[in-house]
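Think of it as A, B, C and D in the order they're written, each chain with its own count starting at 1.
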């Protein structure tokens, strides 16, 4: 399994998954690559815009971890619900959020998903079945468990999914969510995105034993997956989803990966050994998926150019959009009783297996 | 109409709304089989089943956080904290997840959190707190605090129907002490203040248990005509009713069972000092618990909680002003 | 192992401890019984005083669980520090708190340990090295871990101990404390007092897998012990303490027991199957220790009478004491800078092994 | 004396006290190897070692709870919340364990909790909060909020030496913006208010970053003589200084960056309305953030945070009264 920055074992050896490609058409496999390329291109653009002073506050990305969110989300059905975390832009892309809306969000423009109320990846587009994350980690695990609880109570065949980092596992809400999901055997998928660092803190200072080992002691399986392989992420999530919707309960998936950029744009990550970064650069998830598709004869370069053009256009559109009107700053504190009920709506579910 | 206790009125409201609306679901520790530490949900599990009257793990953050999740996919969870004091353990989920979701994301969070609060029965530092001001200071939460049986029912129903997170303060010391006529069936009490007694010389502004302390203290105070304003809702705060009462009476005593500093009463007094200064004919006096944990032993607790006597003194002082 | 009210397994089968009596003189063994008898007699007296309206608020006891606190505390050295929970009056007794002070505490008298500021078992006598518990469960696990952290940082051979119930394991602070202790390998002993219920909630609604199984996934051992056997509790705690002070890190001990009274005095525990209570009545920890001592020729009846007399005298003394002066109600909110520093002091450590 | 930023003054205070007293230990996320999210403890781990500059797990309840344990056996932990906003995750340990221990048990808890707070740089709803009022409303905690470099150092030292739990508010927007002469070596700033500027016609009462907003707003306001009172300490609140200022000026504007309802400013205004009514020559005006989460986008954030312009307007309104 992957090398770790520490002496904490990176999860149990998990039985190899069946060949995921059995579940994926070439179109799916291109879709996975496309979403990863989009994620990277949008985040690179946003980083540039940040350097130009066009993205206020701080900027965080998921460079090198694209497979984790893209692969997992590819396995989610339209009626499923997600709480997307800060390294997981790919999930939004797969669910159908448009690049211009994302860049508008980063720049605090009126057309951003939160209309400028919240920044960077702190957003969830209601029309894609996603709840916007809060900063407090990992609070969203409980929200995901609660959505799953509602599905189970109503006898619906749907599931909820959320991500969280290695550092986030140290907080109480991790435990309350794991325990709740175990006791009620909820249709929820927890993805531990083990990128080996929490800000500057290496995993050996977060836990003595890999948290994926804990799943069993909550009454459900924990599996470790190569988080830099989008198809492996897809397959592990697909299986977890099947368990979930057939009443088999929760799954904890550890996506073993590496944070390849600083915690945020301001962080030079001096604290990470260079050799470790170098080693993981060889495992880039986009390179891996590109190689696969080249073997299948897909014109990856054309795809890259298409994505680049899409992001160029999106940036142009986003930059042309206005900032929010300050007169709206105190609107929408409370939802009026007489207004229509607002609930999360279904998102895109591009996997061919859903027959859409 | 039938007479019932404040406690039974809450039960009645919950039951009514659960019958009306299948989306309503109760969550909490020991609320099902046991019927709740105070028996508010006694008999509910028999009528509605364990899925809708859910005995949860001992985990307040879990209760609130999963309720938020259930709410955004269409349920209407009502969470019980076994005592209001334990809300500190679910604090983050309330203020940061539930309270900010609509403003940030446009997604309303229809949950109600019931907080059995207050002192007066030797509950000690961990079973007597009145934490409403923490939530008043956290944007995006409504905070209500009925004082009568009728309002207790009408406001629990209104809280459940309100699409926003509502912190419902129920004062333990009213549970069995306060009784009143309660309408049958379904009705809502608006989140507005109520004149508990008319009067012209002075107004005592209070909410929850302190409404009764205020009424008792001023029932017969040297013949003065004393208004008692029951706020009922703390967020939104019925500023119009407060300012109107000050305009009419010119003298104000604000009573609060919570600790003095930054309490609801501080907000009310500050509001008056800012917006009704010209109507004032004397200082805005406050009666509240001093800034200490609520002690256990009866003589100590009695020394700390606002008493009829202390309210009376404040009124007298102001009437003589 | 013991029967449980549910289908959740009651902990792993733990290798049988060596015969604890090797560590215990007859005097120790009598001391254990004496402390358990005192605990029961004091709590029974308090329950009567409660019924007479002399104990304000509610009343909680540890009837049937006396071995858990008494046995464990017997293994603690004077310089060790404890956070004592609400079923664990025996710990206070072993550490040297006088019965009259305890009864004064329950009655809210000025002579109570908290001088009437807090009620029932919410107390810790500074002079016995005990931190008074807060109601919020299991907050004290973190406080105990913090004391242990200080011992480790200063290189002292001391340890910290705390208790908590099965229900308390569901809260986030359980996890944060377990994880902290595991990462830092702290000299702390966690005793999970599994009495099968949290108020009315049976353990199967708190966890899908017994939490003692989790210890391994935090990097330290979890052991199950017969919580109704004071000598077994002593021995397990003694071994855990040895590990702790020799740098071996934390231990989680599950004391398997049964709550034999209602949650509080007001609770008729209708929700507990009668047969279960009956079964556990046969395992009464005081009966068990009495039988052992009778075999050794100890006059247990005389001991009982001595204890009864002691508690009678204590009750008399406590009842004669005044209530606190209301004028003091707002004192001691802050400690004055110029006043002496106050820290926990050493408590009694009666075990013969300490040579005292 | 040497000139340094507010940020460096905090570092200097921490370093000074760590050299003075071996019992002092820092705990927090990323404070060691990384030197802290804001670099307050940059270089500390090299000087004091990883045991005294402890990189903790990501667990705020854990940080506070273990600090309490360490304190009662003789250490003097200083906890850093990475942002003040995350204190909601350690809330229960602060208010219920640390805050009530001395009153209940006679056991002082000598911890300091540093909260990098406040907005002004597009931090958004979770990196801009000013949660001091929650703690002011929780008995047993001291709450301080320095506004200058000199006080930042003197108050962090005083907080560490204070035997009680102290919530130390450090405003992020002052970190690098505010500079000043700071005495060398060890000194303490008392938990008392400070006159930031003398004046007679009106007093602006503020603390933290708002002191600078107040000073700027009133530096030249139509020639009026305007006092600025920097509270510095919120608990204990320097009531004497507040009442003295009102007596002298008769007109008061209270400025608070936190959300309006039940804020520190509400307490100050309520205090004045109760105890200085006769000295008042006009309403007690308040400037604060409205009751919404602090939005991210610059125009929205600017519309919410109290500005120089809003303070100026309030002063003008009152001067013309």
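Throughout what follows, contacts are C-beta pairs under 8 Å (C-beta built on N, C-alpha and C of every residue); 3 or more make two chains touch, one makes a residue touch a chain.
The shown structure was predicted, so the numbers you read here are calculated from the model rather than taken from an experiment.
Student: Would you mind naming the chains that touch subunit A and likewise touch subunit D?
Tutor: B, C
Student: Work out the mean Cα position per chain and let me know which chain is farthest from subunit D.
Tutor: Farthest by centroid: C.
Student: Measure off the straight-line distance from the CA centroid of subunit B to the CA centroid of subunit C, and report it in whole Å.
Tutor: Roughly 36 Å separates the two chain centres.
Student: For subunit A and subunit C, let me know how many angstrom lie between their CA-based centres, rounded off.
Tutor: Going by mean C-alpha positions, subunit A sits 45 Å from subunit C.
Student: What is the distance, in whole Å, between the centres of subunit B and subunit D, each centre taken as the mean of its C-alpha atoms?
Tutor: Taking the mean C-alpha position of each chain, the two centres sit 30 Å apart.
Student: For subunit C versus subunit D, what separation do you get between their C-alpha means, in angstrom?
Tutor: The computed centroid separation for subunit C versus subunit D comes out at 40 Å.
Student: When you check subunit B against every other chain, which residues touch at least two of them?
Tutor: 56-57, 59, 61-62, 85, 88-89, 92, 96, 100, 103-104, 125-126, 139-140, 291-293, 295
Student: Pull out every residue in subunit A that's touching 2 or more other chains.
Tutor: 114, 117-118, 122, 134-136, 170-173, 176, 179, 183, 205-207, 333
Student: In graph terms, with chains as vertices and touches as edges, which category applies: line, ring, star, complete, or other?
Tutor: complete
Student: Can you name the residues of subunit C that touch subunit D in the complex?
Tutor: 81, 113-115, 117-118, 122-124, 126, 131-132, 134-136, 139, 141-151, 153, 160, 172-173, 176-177, 179-180, 183, 332-337, 339, 341-344
Student: Could you list, by residue number, the parts of subunit C that touch subunit A in their complex?
Tutor: Those residues of subunit C that touch subunit A are 170-176, 179, 182-183, 185, 204-209, 211, 213-214, 216-220.
Student: Give every residue of subunit C touching subunit B within the complex, in rising order.
Tutor: Those residues of subunit C that touch subunit B are 56-57, 108-109, 112, 114, 116-119, 122, 134-137, 167-168, 170-173, 198-201, 205-207, 271, 323-330, 333.
Student: Which residues of subunit B touch subunit A in their complex?
Tutor: Per the stated touch rule, the residues are 25, 51, 56-57, 59, 61-62, 64-75, 92-93, 96-97, 100-108, 139-140, 142, 161-164.
Student: Touching residues of subunit B toward subunit C in the complex: what are they?
Tutor: 29-30, 33-34, 37, 55-62, 83, 85-86, 88-89, 121-127, 290-293, 295-300, 302-304
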